[in-house]
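Alright, structures below, take your time with them.
Two complexes follow with chain A in common, the first pairing it with chain B and the second with chain C.
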Partner chain A sequence: MARSVWKGPFVDAYVLKKAEATRESGRNEVIKIWSRRSTILPQFVGLTFGVYNGQKHIPVNVSEDMIGQKFGEYSPTRTYYGHAADKKAKRK
Partner chain B sequence: MARIAGVNIPTAKRVPIALTYITGIGNSTAREICDAVGIDHSRRVNELSDTEVLSIREHIDQNLTVEGDLRREVQMNVKRLMDLGCYRGLRHRRNLPVRGQRTHTNARTRKGPAKAIAGKKK
Partner chain C sequence: MTDERIVVGVIAGAFGVRGDVRLKSFCATPEDISAYVPLWTSDGRVFPAITISGQTKGALIARVDGISTKEEADALKGAELLADRDRLPSLPDDEYYHADLIGLPVHDSGGTLLGHVRAVQNHGASDLLEIHAPGQRTTVLLPFTREAVPTVDLAAGRIVADPPEGLF
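Our next item is the complex of A and B:
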């Protein structure tokens, strides 16, 4: 079910604070965040976030199209390289 | 013979049914069109006069996206997701279910026919 509009978008407070700080400092550095559940807001466009995937921070360059989605969508948590070839199968 | 929205030529069927042959028009949309243009649902396509066919055509042109335009729109939306590098885009790229369905079994619509895995049985 979709979130109620009257609540507004959900963003962890520390994400907002960090984004604000880097915006003011003017330096364009990766903002490390752990909050994959936070919504991407319009004021985040142009900033780079390092979104934690449980192992490391994946750099995400926020663009206009990403607004309204969650940070977690841009930082995959699973690695899958396909199935390894079965040793037994070769024996026949 | 009636041509509506480009290439579609549905004939001896009832109008609401015939209209569903157009990509982007389903049962309910087809019925809405008939109501809007004032054609009885039991009429058949070959009974329609030229003006009636024309009015259907105009109604579709003005209010709906169908056929090629619709396909292009859908493709563009999918492509946008893929270019973004978001989770939904990744699923599209891999041809796997996009909306969180299980893939352990099933998901055959997206994955295509099952491929035999060599030496799986004992």
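Our next item is the complex of A and C:
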């Protein structure tokens, strides 16, 4: 069942505090968080979070199209190494 | 890099009794493997053409030039297929093949070696370079962005990174 709209999106309070502090300081740093359940809010766009996957913090650059998703969706807990073949990487 | 070959697929076994093979393609678009001919095996055998005729569970059905019987197809089970790096089409600016990035040394702006690229990952947000630092057991993931990776010099074979604080 989907979360009731009247409650608003869920975000752990410490994530909001850390994001706000980083934005105010203007420093280019990875914000380490353990809260995979927190929703990505519009004020997080442009920041880089290190989202814990149970082993290490995976860097997640937040962009506009990620708003409303959960941080955990971008930090998989299982790793798969395939062949490189003709796969491409784009520098954003 | 002209003589470099990259693995693009593997023969999973025979399909039917007419010499067709089950082909596992590692390409981003599996059918593209037929565009990278000639394909080589690690023991030096060359296949000048491959025709994709269909799909089966987890693999493509293909007819390989030079294979006409089920016995010949069975003998190739497990053979990795390699393509010349030159066969891959050129890419626009700021796009790179994983095969070109893997293994490159990564330096910071001061010239200090941070490590070598071990893999390129993408978990949905942006591409990440997995960097193995010398003397370390674990790897570090670096966002593949213009801010964090200002220079990628494939000709010189090096990457210059400006990693965010707290990453290394």
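Everything that follows uses one rule, which is that the second predicted complex is superposed on the first by the 79 of 92 C-alpha atoms of A that agree within 3 Å, B and C clash if a C-alpha of one lies under 4 Å from a C-alpha of the other, contacts with A are read in each partner's own complex, and residues count from 1 in each chain.
Here is the rule we use: a contact is a pair of C-beta atoms (placed from the backbone, for glycine too) under 8 Å apart; a residue touches a chain by one contact, two chains touch by 3 or more.
Worth saying up front: this structure is predicted, and the values here are computed from it rather than measured.
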item	value
First, second, both or neither for A:74, with chain B first and chain C second	both
First (chain B), second (chain C), both or neither touched by A:17	neither
Chain B versus chain C as contact partner of A:66, first or second or both or neither	both
Which partner, chain B or chain C, touches more chain A residues	C
Set of chain A residues, in rising order, touched by both chain B and chain C	63, 66, 73-74, 76, 83, 86, 88-90, 92
Footprint of chain C on chain A - complex, ascending	27-30, 32, 48, 50, 56, 58-63, 66, 73-76, 79, 81-92
Residue ranges of chain C in contact with chain A within the complex	6-9, 25-28, 32, 36, 88, 91, 94-99, 101-102, 119-128, 138, 141-147, 149, 152, 164-167
Parts of chain A lying in touch with chain B, wherever the complex brings them together	63, 65-66, 69, 72-74, 76, 83, 86, 88-90, 92
Contact footprint of chain A on chain B as seen in their complex	80, 84-88, 90, 117-120
